[in-house]
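So, here's a batch of structures to check.
Consider the two complexes below, in which chain A is the common component and chain B and chain C are the respective partners.
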Partner chain A sequence: MKYLLSLVTALALGVLAVAANAAEPVRIGYSIAKTGLFSQAAPSQITAYELWASQVNAAGGLDVAGEQRPVELVWYDDESDPAKAAQIYEKLISDDGVDLLLAPWGTPHHLNVAGVVESHGFPMVGNTAASVAIREVQPGNIWFPTSAIPDKIGTELAALAKSANVTSVAIIANVLPFAQENLQFLVPALEAQGIEVKVNESYPPDISDMTALLTRIKSSGVDGVIALSYPADSFLYMGQAKELGIDQPFQFLLVGPTIAAFQGAFGEVANGIVTLGHWSPHQAAWPKGKAFFDAYVEANGMAPDYLDSALAYMSCEILQQAVAVAGLDRDKLREAISSSTFDTINGPVRFEGVENVVTPTAFLQLQGGDMHLVWPAEAATSQYQPR
Partner chain B sequence: MDILFSPQLLFSALVLGALYALIALGLNLVYGTMRLLNIAHGDLVMIGAYAAFWLFTLTGISPLIGLPVIAVLTAGVGVALYSVLFRGQLEGTQSVAQLEANSLLLFFGISVVLQNVMALAFTASPRAYRHLDDVYHVAGVAMTGNRVATLLIAVLVLAGVVIFLKSTIYGLAVTALIQSRDAAKVVGINVSQVQVGSFALGFGVAGIAGALISMAEQISPFMGFPFTIAAFVVIILGGLGNIAGGIIAGVLLGFIEIYAVALTSATYRSILLYGIFVGVLLIRPQGLFGKTRGG
Partner chain C sequence: MKEITRNWPFLGCLLVLAGAGIATPHLFGAYWTLVALNLAMWIALTQSWTLFSGMTGYISLGHVVFYGIGAYVVVATFKTVPLWISVPMGGVVAALFALIVALPVLRVRGPYFVILTFGVAELVKFIILNIETGLGKSSRLLFGAPGAQTLLYVMICLAIAASGLTLFAKVSRFGRGLTAIREDETAAETVGIPVARYKVIAFAASAAIPGMVGGLMALRSTYFEVLQVFNPIVSFTIVTMAIIGGSGDARGPLFGAAFMVGLSELLWANAPRLYMILLGLFLVGFVVFAPSGLVGLLARRGRETSA
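So, the complex of A and B:
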């Protein structure tokens, strides 16, 4: 009896030890712009990370090469400072010993963190970086799922405008880097399509009134308006364009309309606005997209940002699928991310070098309160409709 | 050149100028009476904007109807800050320079705390709502309802505060304190009471400005800084502590911004705006309407 009791106790302890080991969380680190200049943009990324983590844990944990383990998110506020983001990733890797990394918000942060992950040979799937500069990053430990790269945006936007029978446009552009990089590629692309650029004016990010600018556009007789805008100026444009009766059939805003608050502020007035984005829950070929949209709305009480939230979630899906195959070994993980095709809410994703070579550069249009992909044809969920 | 005579531009300049004057008024009251440099002023505008947003979103009550409640809320924040942090500073600090330096640091801390508390409470995601967004056409001018309301309310509040300062005992006490703190004490003015009143009035007006802004712009916990900068430009341009000068400078700034962009390009908006500001200070370091006088 004594031996039996010892055996049972030993077995019980063994089971407990195995259970404890199995329950050890996979720690996933990232820095986030919780405060500072970019803090308005970061929640769309944080909420996507948190949703993914909660879904993974609710489903029994992350599949680490066949072993289910819960995930634990470890993050620090980088105060919107790219240099601080690099320090945080150094700390996450060296001091905190995290098992995996998720990306910070924004291009400058990604570029700064790229050196850290490269020096440690620590694979990280990026998300919200969008610049031609990402192609100059050393490939191997960082990947960018976005297809919203300014040179491609310029070409595709000009092609969309041409197909929408636009013959002349007015361009107004924020002086901040992403807008200016787009401007640099857009103007020659429009000219190549035979579209005349009648107004081309940049404005500072702290602009508080666009009356004079929009009055010039109105009197220019163009049939398209392209505002290379950030969220705050997209709101300003929309409100004042409505007041001044800017009624051009083709109106494009770069960043802003994909935020839930934009539709809350303008409702049907914003119908027909075209914007940057390569994901929509309406694409039947990407069944995970609708499930993500519904889960996000349920968790957060608002629609996801069609650009940043979708990209952040995609990066989690890519990491999840790679870890299922490769486990946490960094060399195997690097190999898996570099060579696999991933099934995401935005359809299949595959990388060549640092770039996603499958997802097309695309545009969304607000139609009846819904965001539909209208370009390119192979990804479209609805036809482009003039305003 | 025809654009200069556009009534549409005039309307926009009036709205922007009135808003600048309103935002700056609160800052000027606090600086004028106490020499406190409130760099958290834009964050009080932000709190007013959030109060209006939640009031409208949760109850459907128009921010215009809720203005008194919003003003009392931000005034309450002002009274609390005065009681906890600034009363001691004002009583214990002898030199104006020291008071300005201390207040700058304290308000910087308050600004960071307010922004992050709001971000934690409501997330940093931008928010917006639709209210009075119908467009009216009057004499060839297109006017969105919420911009008309902003102009009217701003003018009413500005006029109300000016009348209050000019024609009530309490207002005259505030004016006296702005002119000379020592002389105000000598003639028996209860300085502490006037100071707390100025805090409440200044913060209350900031809350009203925030509520008006929320009807037409997106709001976020970090929206305040540009308003703080604009308010400082206005009160320095108008002469620190000069209430009437600040109002005129606010309107002037709105006109400069609108017409400078109309005459040149939006590209030069900030260069022209701040260039004119620096130019005025080079010629008149005390501001357009400021007087050179001892502390």
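So, the complex of A and C:
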């Protein structure tokens, strides 16, 4: 009887605990470009957030310094407007009183929100932002896990091109900030490696025809093409390069090929394209990577974006591990994020200032319908193969 | 003066709005301060647009160019020139730019003028984008700008100034000249109105405040990117607000801006797509059924109730 009574009590306590948990979720806020200019890019990030939240809830909730609580995502559409994003974070913090924050999509949005989180002392782990300008942000409230910072990209890309026996390149660059920042660091780095830049042209962000640029590249006799492109122009490049027979063995596109739709659209044609990205599920040293890839494919029916989805999920993992130690206290949380080493799908991550100092700047190559890290050697999952 | 005092309901309304705006940071907190800042910004911009386009009938679809120029002046001189100089300087540079382009631009009328203003705004956007690229400054950070409350108070002053300017222009000899230009430019010239001078002055006057507004709004963001401050959506929104409010005089922009900021606040969080659809419907509805805007509708209602 006594045994039965204690069992009933335990059960009742269990039910109560579950009820208490259900009543008090950890509310995590973010704004995202659901409509507007960036609405094509933002889903890679939203799906990663949703996957993480469902995994956490399925596992019994978020560990808040020892207490398990379910998570609830609170989000608003920022209409792709960075100023609106800042306004939304003000609302999330002041009006909605969320417990934690996740990042919006894109560099302008991150850097606009940086001012808001700084004024509230509210920690936010960023993800899809990359610019040398991030180093001007006061450390302590926002962190950038990406290793795709333009000055490092320039040096590493030039080194990769050199090792791929490239002697001369044609560069075409979008005039938007990320591409131009890359251009600024890439040209001197290529020259330092002894690689001749035979073509260096910038093009407008809404370009709809690259024929003239590509014809120039074709007649220039270079053995490498570097397109500092955004997703829409990467698609344009790939389609038109095929039509015009651009057959250089080394072809690099800045942003775009990591999206599943890119490989879906071009298949074999895109084989051998090199692009920016520091994560791959094939890296055995990062066992969480494969698990994330499989769970993402199961949930969404397609591969994650190797850049944005991976970064978005990493930012959730970092937040999760920091909350497990520090709870929801903002000061303790900031301290934990600033000083800990995190175990993520991209291997260990540690911040110095606002920057991730562990993950190397790396490049991916499309090989046989799969994406492999080909640079640097210590992170590579396959050898670089000329097209 | 008599004509200005006849506008006491408008002036009263303006003062109440200004008072509410000043109280917002203390009563409703940081988020609503930003909403109030937005409202004051749209009032200032739409009033400035009305001063020129509403009165002369020359529809400018490129007013964002003045906003962008003002923003660029403030950002380019950030931390080197004090803000109390750089923000007004943004207005001066915008007005000077208006003066320079006015003579060639104001030679064309109707749809050609509309397209030309849009084209000028895009041209300036890409010139500045290329300058920034050439300087290796593809983006700039603006930490240490004044808080939203300060920006709001200055913006309220600009909204009042823009409203006052439009009201004053409307009741003055200058404004009647502009209205005559709208009704029949050739006839206006025949009766001795200095058409070219009036148009140029109105164009420059309608550029100055948007220049300062742009400078202030650049300070609200910690990140500056050329494409954002020259976003054509700003020009489109100004025209939409003027149409919905009723673009003939200073009352229209007040109603138009309040209506659209209110609608946006009601809908964006829960139904962002519905907001854009409703906006389109309202615009079509007003143009077809109520071309004199909210002001016209309210005036008609007023006459019906008093009759």
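Brief remarks on what is shown
Assume the second predicted complex is superposed on the first by the 365 of 387 C-alpha atoms of A that agree within 3 Å, B and C clash if a C-alpha of one lies under 4 Å from a C-alpha of the other, contacts with A are read in each partner's own complex, and residues count from 1 in each chain.
Just so we're on the same page, contacts are C-beta pairs under 8 Å (C-beta built on N, C-alpha and C of every residue); 3 or more make two chains touch, one makes a residue touch a chain.
This one's a predicted model, so the numbers in the text were calculated from it and none came from an experiment.
In the overlay built on the shared chain, the residue A:259 is in contact with chain B alone; chain C does not reach it. Contacts of A:115 after superposition on the shared chain: chain C is touched, whereas chain B is not.
Touch criterion met: A:213 reaches chain B, while chain C stays clear of it.
By the touch criterion defined above, A:193 lies against neither chain B nor chain C after alignment on the C-alpha atoms of chain A.
Of the two partner chains placed by the overlay, only chain B lies in contact with A:203; chain C stays clear of it. Of the two partner chains placed by superposition, only chain B is touched by A:236; chain C is not.
In the superposition on chain A, A:245 contacts chain B only, with no contact to chain C. Residue contacts after overlaying the shared chain place A:184 against chain C, while chain B stays out of touching range. Looking at the shared chain after the overlay, A:340 reaches neither chain B nor chain C.
Touching of chain A by both chain B and chain C, each in its own complex, is seen for residues 34-35, 175, 202, 204.
Within the complex formed with chain A, the chain C residues making contact are 29-31, 34-35, 126, 129-130, 133, 136, 138-141, 143, 147, 217, 220-223, 225, 227-228, 268-269, 272-273, 276.
Residues 34-35, 76-77, 79, 81-83, 86-87, 90-91, 93-95, 107-108, 111-112, 114-115, 118-119, 131, 133, 136-138, 175-178, 180-181, 184, 202, 204-205 of chain A are the ones that touch chain C when the two sit in their complex. The part of chain A that touches chain B in the complex is made up of residues 34-37, 39-40, 42-44, 172, 175, 201-204, 206-213, 215, 231-232, 235-236, 239, 242-245, 259-262, 264-267, 269, 302.
Only residues 3, 6, 8-9, 12, 15-16, 112, 115-116, 119, 123-130, 133, 135, 142-144, 147, 216-218, 220-222, 226, 230, 257-259, 261-262, 265-267, 269-270 of chain B touch chain A when the two sit together in their complex.
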